[in-house]
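The two complexes that follow have chain A in common; it is paired with chain B in the first and with chain C in the second.
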Partner chain A sequence: MLTQDTAPQPRILLTKSFIDSHDRAIATIALALRDAAMEVVLIDYEQPEDVVNVALQEDVDVIGVSFMSGGQVETTEKIFAELKRRDVTDLPVVVGGTIRPFDVPPLEAAGVKAIFRGGAPLTEVVDSFRTLSRAYRGLAS
Partner chain B sequence: MSPETEAAHLLQNVSGGDSLAIARAITAIENATAIGAELSLAVRGRPAKCRTLGVTGPPGAGKSSLISALTAILLERYPRIGVLTVDPSSPVSGGAVLGDRVRMAAHSRNPDVFIRSLATRGHLGGVTRATRGVIDVLGAAAFDLVIVETVGTGQSEVEVASLTEVKLAVCPPGLGDDMQAIKAGILEVADLLVVNKADLPDADRTAGHLKAMLHYRGDAETRSLLLASTVTGDGLMALAHAIDARFRASINEDRDVCANMTVTPATLADDAAELVRAFVRYTRDARVSDICLAINRGEIRHRDGLIAAVKMFVESCDDAAGADAHSRVGS
Partner chain C sequence: MTTNSIEASGGPYAKWQRTVADRYADRSFVARTRSGLDVDPVYSGLDRQGVEAEMPGQYPYTRGIYPIHYQYQPWMDLQIIGFGLPSQTRERMDLLLQEGGSKGYFGREAYNFIFDMPTSMGYDPDFPGVRGSIGDCGISVCKASDYEVLLDGKDLEKTTVSMVLNAGSPGMLGLYLAAAKRRGFAFDKLGGNLTNYIWDFFGHSGGTNFSPKGSYRLIADIAAYCAKHVPLWNTLTISEHNICEAGATNVQAVAYSIAAIIAVNEECVKLGITPDDVVPRFGFHVRYGENFFEEIAKTRALRRVYAKVNRERFGCTKSSALQARIHAQTAGSLLTVQQPLNNLVRNAYGALSAVLSGVNGMTINAYDEALGLPTEEAVTLSLRTSQIIAEETGATHVSDPLGGSYYIEALTDEIERKVFEIIAEIDERGGLVACIESGWVKQQVSAAAYNWRQEVESGARTMVGVNKYVTREPEQFAVFQPDPDAARMAIDDLARHRRERDDARCTAALAELRSAAERVRDGHDIGSVMANLVAAADADATLGEMQTVLHEIFGRNK
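Right, the complex of A and B next:
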């Protein structure tokens, strides 16, 4: 399907820490979202605040953060704090990758809209991004 | 509020440098919404002080890394820099992976550098349909320099040449020989040819081919050839100076800086089509789907249907003008 050049595709930011070289998960998700007609912006962040700055410049509809080795809760909380500081509290954030059971309650308390742990079905992940994106733009899902 | 009024409000925040407003304005222009169409009209013709640099070259030539390194240097002379980086949309799904700014991470936190990734959405030519409008938005936001990175180009994607003052062709070592160097295409529209990745062994040979090509052209030749490496940092400062010198020369040429504001029948036609298209596509007025239905059922001629849609657009403009006048009287 060739889309029209004005088609308003969902825009997604996928990101991981620049010191984390585990990019298999993020590449897998990026390809799945691309194949589902979404525009995916990729960055490796140095500070959690970078994620929000880039998300605002790119006017994305969802932020997805991938974790492997650590900082799951701390980084996510900092992203939410920065979203609040920049006054865009409604921008949805999802996390994925190595999310340990004890990370889940604080991540949910921080406000993440979805958690994709290892083994999450790809179709479910894609649907989740699409639904959140449409809701953020005020479209029916 | 009419799209025109809404666009004016957004533009006010854009001029104030609000990065979210700038981002939303770019989205509107990209999606060619009614507000986007009004915005592109309102920002047409960027301020004279906004310089524009086009960067093109094949995939993997190192355009993004080079732009990132140049931005760090050029910030000294151009305090606020906008970077537009174009990547291809999938011809299969319409989606895109926009990965250029991975190479520009050094500027992720700098409030004086605004980077936006654009997907081609089926547009050929190396940039997007909306790139001119997006450059103008950054001009309206008082950026001193806008750098446009094209998709990875082959030979004929030269649209960026008509959008930017100074053009940089990034040539990686090892692609082709002297025959490739004399072909028509992106090398012709560039002001500066840069052999990037100059730390690689083939760089001198590639530079040699390009140098010979420039030499064959004799005195008529105005392009310069430079070598640069973002790995070693060699040649970057010289390249930044060469870019700056080109900007100065283009100012001294006393070119009509308002050239891009001149309205011709062709631009008027495009702009008119854009406004009508945005209205017909996004209006909530149910009569548009009725018209489509009637055409599809063969009840009315296609041509009559579209004229009815254009009349609806004209009506909506009259209504909006009336409503705005009324609200002004009210306030």
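Right, the complex of A and C next:
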């Protein structure tokens, strides 16, 4: 018998730098998450630290950062440093976009939970956000 | 073989013959096929209404803007170039030149510079939060002296410089002109292009730009200044390409591009600028590679609608104000990480459709761009793709080779009709600026992007190597890695620049810029912002310092 899941829907922060361009991917992911009944906050950030600030204010379960043209490693490392400083090291961070082979080791070392590159199936992306969100809230996935 | 279909003496074909005879008296453009058959440079015939069809070089320019095109002069190859510091990009420029690239018109060298994102948006390397992007995906440029490094020893009268950037565009032209002035070049001899994407990313592609109203005012200012002082400079590129890349359909992208021209022209008229004086220096950046025949038809429709709108709506009479010049670029967002060599094939088909459309310039992306910044090998292969189409395939022998095809002509008419419908809707909604401000454009484009993605997900749209013909084996490709030290060097160099300059002179020039910007914002002295950007750059103001003033007066999009 199906039981209704009364757990709140995942809340996701999707964000991209104020100087980055081509936001097609992040806009598409936002719509896909919305269609999967998630709540999405979509903003540009100026300083990497602002990302954590918004994540805490909006009480999100996952942070997704998109990159097109630079800052992949530097920005992500700063976000993790800020998470540590604010004592929320368990808040999961995923990255997507143009992630180059040489970006991967430092991103993984920083602690990103998933990397989505061009062509990643939307269903996989959506599932990943849902799983990370439920794990963060201590729900069974 | 001679075209001998329909020859009313006053008809399009007879007129075309006279034009070609006058303009190219002693030349024949008859080419020969592999079998030894002669082919004319263009073919005439009856159109779908049964009357003699328009010829290339004739209003409304559906078939092309020149009576003779590639047979006389091939398209300009403008490979995108730029990474790291000016000195590092200069090394890549020298390589490209050596490979036979960088060829502009009339024996000029031509470079298509792309800037890193801080520069593109008008921020200096020491602006907080931009460090990770310095020199990544473009050159870091923030002062006039950077052009002295980038173009050291180049004769700027024989060098065409195209600058691809967003909100940083006005200040960037200031830096370039200041550098040219210091080297003693007269502005009226300088040729180049400023994309001036200071508004189109707004509502389409993200990033920090000017407010829509402020953008159009700045575009008018730059156009008016250049018409008077830098008459060979192309002051605005309408990027149909970027609208497509954001996810719009071909019809939407053409319609929004024309709507942008309407908005610019309306702004010019409001400020007392005659469109005929500035429109000839506007151009288009159009995307190819997604739907072969539709893109040929959209190009023909774009040229036709542009000519009609400028003549009928804005009273333009100069032929150069009616002719849409088009720079083609293959579609970056269709390049795949999976099986990246497939991208070589995609790019070649995109480039071929651009050539069959009769475009004026060409950027063929590198096959490895989905992986990162292109490698030298990939850049060279893009150039070779263009050279093979131009010099091996024979595709250049006949202008508008698909003109008269039932399919292409019907599709061209249909796209034109749909484009005018969207323009009418935008007019009803209060014009493009209102549609950007309300978020309507953004919503239309995002919905189209999402539909596209869902088609890929469902398999209704095939992407080879992504959702069909997938291979499992991991593929290792060399990826270009920008110099991680570039950021530090750019920041150090900027600190040195600030230390060594005459601060009083710089501060005074920035104050002059501010008062000019206020006057222009209020509708006076149009052209004086650009004049003062040149003066401020010459007084060693940085791109970011000038941008701060412009953002304050003309407003940001967010």
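Worth a mention:
Throughout what follows, the second predicted complex is superposed on the first by the 134 of 141 C-alpha atoms of A that agree within 3 Å, B and C clash if a C-alpha of one lies under 4 Å from a C-alpha of the other, contacts with A are read in each partner's own complex, and residues count from 1 in each chain.
The working rule: a contact is a pair of C-beta atoms (placed from the backbone, for glycine too) under 8 Å apart; a residue touches a chain by one contact, two chains touch by 3 or more.
Treat the numbers as computed from the prediction; the structure is a model and nothing was measured.
In the superposition on chain A, A:Leu31 contacts both chain B and chain C.
Once the two complexes are overlaid on the shared chain, A:Phe18 sits against chain B and chain C alike.
In the superposed model, A:Arg134 makes contact with neither chain B nor chain C.
Legend: residue contacts after superposition of the two complexes on their common chain; A:Val88 is shown touching chain B, with no touch to chain C. In the superposed pair of complexes, A:Asp44 makes contact with chain B and with chain C alike. In the superposition on chain A, contact of A:Pro8 is made with chain B only, not with chain C. After overlaying the two complexes on the shared chain, residue contacts for A:Thr75 are found with chain C alone; chain B is out of touch.
Chain A uses residues 18, 31, 44, 46-47 to touch chain B in one structure and chain C in the other. Only residues 19-20, 22-24, 26-27, 30-33, 89-99, 101-102, 105, 108-109, 111, 114-117, 119-123, 128-129, 281 of chain B touch chain A when the two sit together in their complex. Residues 1-9, 11, 18, 30-31, 33-47, 49-50, 53-54, 56-59, 86, 88 of chain A touch chain B in their complex. Interface residues of chain A, counted against chain C in their complex, comprise 16-24, 26-28, 31-32, 44, 46-48, 68-75, 98, 100-102, 117-119, 121-123. The part of chain C that touches chain A in the complex is made up of residues 116-118, 120-121, 123, 128-134, 136-138, 166, 201, 205-208, 245-247, 333, 335-338, 370-372, 446, 449-450, 453-454, 457, 463, 466-467, 479, 481, 558.
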